Amino acid sequence: MFAQQLINALSLGSVYALFALGFTLIFGVLGVINLAHGAVFMVGAYAALQAVVLAELPIWAALVIAFIISGLVGLAIDILVLSPLRKRDAPHLIPMIATIGVAIMLNSAAQGLFGADTLRFPPGVVPDGSIEAGGLHITAVEIGIIALTIVIMVVLLLGLRRTSIGKALRAVAESPRAAALLGIDVEGLFRKTSFVAAALGGVAGVLISLYANAVYPLMGQPMLHKGIAVIILGGMGDIRGALIGGLFLGFAEVFAVAYIGSTMRDAVAFGLLFLILLVRPTGLFGKANERKA
Amino acid sequence: MRFMRSAIVALAVTTGAVSSQAAEIKVGVAAALSGLAAQYGAAIRNGFELAADEINAAGGINGDTIKLVVEDEQGRKEEAINVFKKLIFQDKVLVVFGPTLSNSASAAHPIAQASRTPVFGTSNTADGITAVGNYVFRNSVTEADVLPDTLKKIVEKEGVKKVGVLYGNDDVFTKSSYDNFVKALKDQGIAVTTTETFAKGDVDFKAQLTKIKATEPDAIVLSALLAEGGPILVQARQLGINLPIIGGNGINSPKIFELAKGASDNLWVGSPWSVSSDTDVNRNFITAYERKFGSKPDQFAAQAFDALNIVAAALKTVELSGDIAKDRIALRDALPDVTWTGATGPFKFKQAQDRSGKPAGYDADQKPIVSVTKDGVYEIVN
Amino acid sequence: MLELTSISKSFGGLKVLDDVNLTVPQGSIFGLIGPNGAGKTTVFNLITGLIPPTSGTITFDGADLAGLPPHRITRLGIARTFQNIRIFKEMSLLENVLVGRHRHIDYGVISMLFSLPDYRAQEAAARTRAYELLDWVGLGGKAHEIADTLSYGEQRRLEIARALATEPHLLLLDEPVAGMNPAEKTELMKAVRAINERGYTVFLIEHDMRFVMGLCEQVAVLNFGRIITCDKPEAVRNNPDVIEAYLGRDDDANTRERA
Amino acid sequence: MDAFLLWFDEFWAVYSNLVLTLGINALLALSIWLTLACGVLALANAAFMGIGAYAGALATLNYDSPFALSIGVAMVAPSLVALAIGLPVLRLGGVYLAMATLGFGEVVRVVILNTESITGGALGLNGIPQYTQWWHVLLALVIVIFVLARLHRSKTGRAFEAIKVDETAASLMGVDLRANKLLAFVLGAAIAGLAGALNAHLTFFIGPQEYGFDRGVEILTMAILGGVTSIIGPIIGAVFLTLLPELLRGLADFRLIVNGFILVAVVLFLPNGLWDPARFRRWFGSGR
């Protein structure tokens, strides 16, 4: 059982990390707690579902479509909502509230368009069933999620380290004002980040709905709660933190179920979160002195 | 005012034909059309609309037509209260159906009781719903009524001796049925190997399922709604758990074949309604529903459909005075004696009791059908 | 009255202060000078309890300040201003100074809720004192304006009035004339002297040599975290080490970034 | 006059619950405003409301306590919890504090779910007597506004504001940061508990789902949307956010979309919230 639980924890942790990536990216660069990330995640899932069901596209094409559509939604949110708020230097809670409004709009629009029913991807878009080895079971989707999480993470980390856009991003994350003085196109970077973060959210939406076999308008809300826990655990705005935090939460939940009792799962997960914050007030990877809010 | 009303009534009586076209019986429906419970609310609204259409097409009730006033209560108790007050005091409906969730019902039903308006739950399975008072009715069968039969059947057919239990512990619907499962399991001397829980919105159930699998039960008892029930079936099969799964009302829906395609076999469900129940009424209901809404109905739709028919049957025995307060009381008095054969089979009410054991509202008294899924259909177990 | 004994402070591996010993005598105007980055503000931050020293002790009127939170140190009678002005911008001048009166106002919840005589008397007294302090720094006429609207020099003076409102025995001024024009500087010099004459001990950090030399009775020089000398102004001025410390790098007081 | 009375009777029959909910939500908005006014971004108010609601309802149900006593219990219980978690939690800064307090809310929810014998778990508490009358809510609101307004004008209010603007400077003015933040946190918890008890004794039923993340965010939204510069703002915000869905009821399926849109529009076009004295001064040209 232990080995199977280890696999379960790894895939659940990857699911959380995948969701948290875009979430933490927005916070790290734009300094906004984007409560519409769950809705963008849902948009990605529906976009891919439509692509698969209506246009009968293969799943990789659907992923690309989800990537683009969610990315565009993210871009629209930035242009229409976040950017005007940035221009007038609104305190950081204000954009958060605006994103609540955006989330309500997207969620109810999805319900209007597609109905409230739980839908799923047709069977066979990804290999069904599970691979069995020595009594252990793992599915193709799980392998895909774990692999993709690691790939995205590595790409992002290398990208941030090595490329000029990465360096610019880090400068912006440190201080947007100073970055602007250095001649960095801060607004442009914010746009790109919004696109990429939302696009990643959309891809996460597709993969997680393949994993859970469920697509419904409010599917992003429960993930949002977990995502918040993940990025606090990892240290807000930190890419590695999203991975570590996600895995941490996944392992905490799975092993709480396995060895403590499933009724205590959330209590254990959030209790740990609470404790970690008390010991390390800015999360596992958080900087000692956070950017002044 | 009083004079005016009786004058109108008198006029209506004398000009019979005209009045029968003009008169409308307003019926309130409070359903969760947005929020997390929206998929149940939508099915419920469909069930009512279908029933209203059919009743009106067949000449209405003694010539009067039924007019549905549907309001969204969002699955939240404050909204349910607001909607109930609007329906009862502003729209002056004769009877209120709903709300969708038991939580909201606990908050909203007392308002109907206090204003002497019959209230009829079609999806509220929690204990104590009908303890509020004698104006509270429901045709949603509680698991307490159907589970013993389901368990008996599966013990008889599959020789189940010990089960693992999995339920949603943060939801009234699933928690209530879990409580009833526990009681029925105990009564029938079936051992429980382990009890695991999940929460609404979870995407991963493998940790719990792995643990259950390790305890080697003969079957899994599952109390879940569709959104989680579907994924649970799939993930169980992915983990190589091919045991029978005993479900509650919450997953008694043809949608399970879609949500758990390829993994939906061997799910045992007991309920008065089954999509495979081959009575004329049910067949007609399913056909009409599919024609109107383009999808197969579920239990929530069936119960809503029957509920309006039950009320219509009661109304046929009542002479409406036009005085809403009197008519509400008259309807209440007529309802308990209604018997009806609907999509959910033969139906009658039984009196429920409040906490102190005094008679209160009315619960459904129905026989469950036990069915098991195989190749995308529910097969009735005899 | 204030004594720093072998104070050291490191941030990470970087030693910012190294074995600093200082004694500020009661009733004096004491100056601490040094080039940029010498660690002057760190000295103030240590005294006021914002950060703890790595080693060494600070005593004030014989009391050890170790481990005391800032507000307790303030209550012992130390007040300060900041190099980068930190007034409460959204509040009026009067309110700013009244915050400084915080610990001197003492009424019960009941008095506060129902505006009982005790409450009214204390609030009135606090206001009277606040107006008086604003007058001292020449801002009496602007008591009800929002602090954000003040000029730079005025904001510095408001900060001094606010600090005085805590009724300190020792007033710490962190670069009080930074960014001021000569006229403002002269005015502030007068104000500081007047404050000192009222019995307050003043300890100031400054970059502007002329200001310090004209005002202080004793001047300490900090360079690279160490005190090179502590003496009368003339002696300091002629100290070769000091000259080197200052000439070693240009006097950058004017090119420094303001914020 | 008779016509008015008749109209009022009907209005009250339909909307009494809505009106009382307005008052209760205003209390909640004020409870978070108090901590925000002290620069403390704590989002535990939904949890405190829940603790108050359960404590009050349990006192009424299990001990037949008089309403006043139940209310008292409902205010004291969350205050004690706030006192206990306040010291460690208030060390956290900004967003981390916000998130930790949201996490605390989850812990409270899980505890309620797992203490079934006392709290009824997921099934909640049923059949709570409907004690809350309109004047209870009005009285509570008047008292809370009075206390907060007085507090705001006192030395404590000035200390709160100073902390909000600049913690360090405030502490160097002799303001005890921990004590003042804790005071705001505990008082806020008491007010939230009061609102919880009033709500519980109005709606017959309480369940653990009502006091989670969504409610926490909703309370915050009411305060921010209304504007936090004065005590009026949160009240306006609560009224606005509670009424909006009801006013939009006629839009049926589009209701929530419009609701979300209005929320975004208010944030975009009214920077300091609905109630912004500075804007009013600009608009009406007076002021200094």
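Each chain carries a letter (A, B, C and D) given by its place in the written order, and its residues are counted from 1.
Just so we're on the same page, contacts are C-beta pairs under 8 Å (C-beta built on N, C-alpha and C of every residue); 3 or more make two chains touch, one makes a residue touch a chain.
The shown structure was predicted, so the numbers you read here are calculated from the model rather than taken from an experiment.
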| item | value |
| --- | --- |
| Chain hops separating subunit C from subunit A, counting only touching neighbours | 2 |
| Neighbouring chains common to subunit A and subunit B, by label | D |
| Chain nearest the overall Cα centroid | D |
| CA centroid of subunit C to CA centroid of subunit D, Å | 41 |
| Inter-centroid spacing, subunit C versus subunit B (mean Cα positions, whole Å) | 73 |
| Rounded Å distance, subunit B centre to subunit D centre (Cα mean) | 35 |
| Euclidean distance of C-alpha centroids - subunit A vs subunit D, Å | 30 |
| Per-residue overlap in subunit C, given as positions that touch at least 2 other chains | none |
| Residue list for subunit A, restricted to those that touch at least two other chains | 108, 221, 263, 266 |
| Multi-chain contact sites of subunit D, meaning residues that touch two or more partners | 109, 113, 253, 255-256 |
| Every chain pair in contact, whichever chains are involved | A-B, A-D, B-D, C-D |
| Complex contact set, residues of subunit B against subunit D | 33-34, 71-72, 77-79, 81-82, 85-86, 88-90, 102-103, 106-107, 110, 126-128, 131-132, 169-172, 174-176, 355 |
| Subunit D residues within the subunit C interface of the complex | 146-147, 150-151, 154-156, 158-159, 161-162, 165-166, 168-178, 288 |
| Contacting residues of subunit A [partner subunit D, same complex] | 33, 35, 81, 84-85, 88, 90, 92-95, 97-98, 100-109, 112, 221, 225, 228-229, 232, 236, 263-264, 266-267, 270-271, 273-274, 277-278, 281-283, 286, 290, 293 |
| Sites on subunit A touched by subunit B in the complex | 1, 4-5, 8-9, 11-12, 15, 108, 111, 115-120, 122-123, 128-130, 132, 135, 137, 139, 208, 211-214, 216-219, 221-223, 253-255, 257-258, 262-263, 265-266 |
| Complex interface listing, subunit B residues touching subunit A | 33-36, 38-39, 41-42, 169, 196-204, 206-208, 210-211, 213-214, 226-227, 230-231, 234, 237-240, 255, 258-262 |
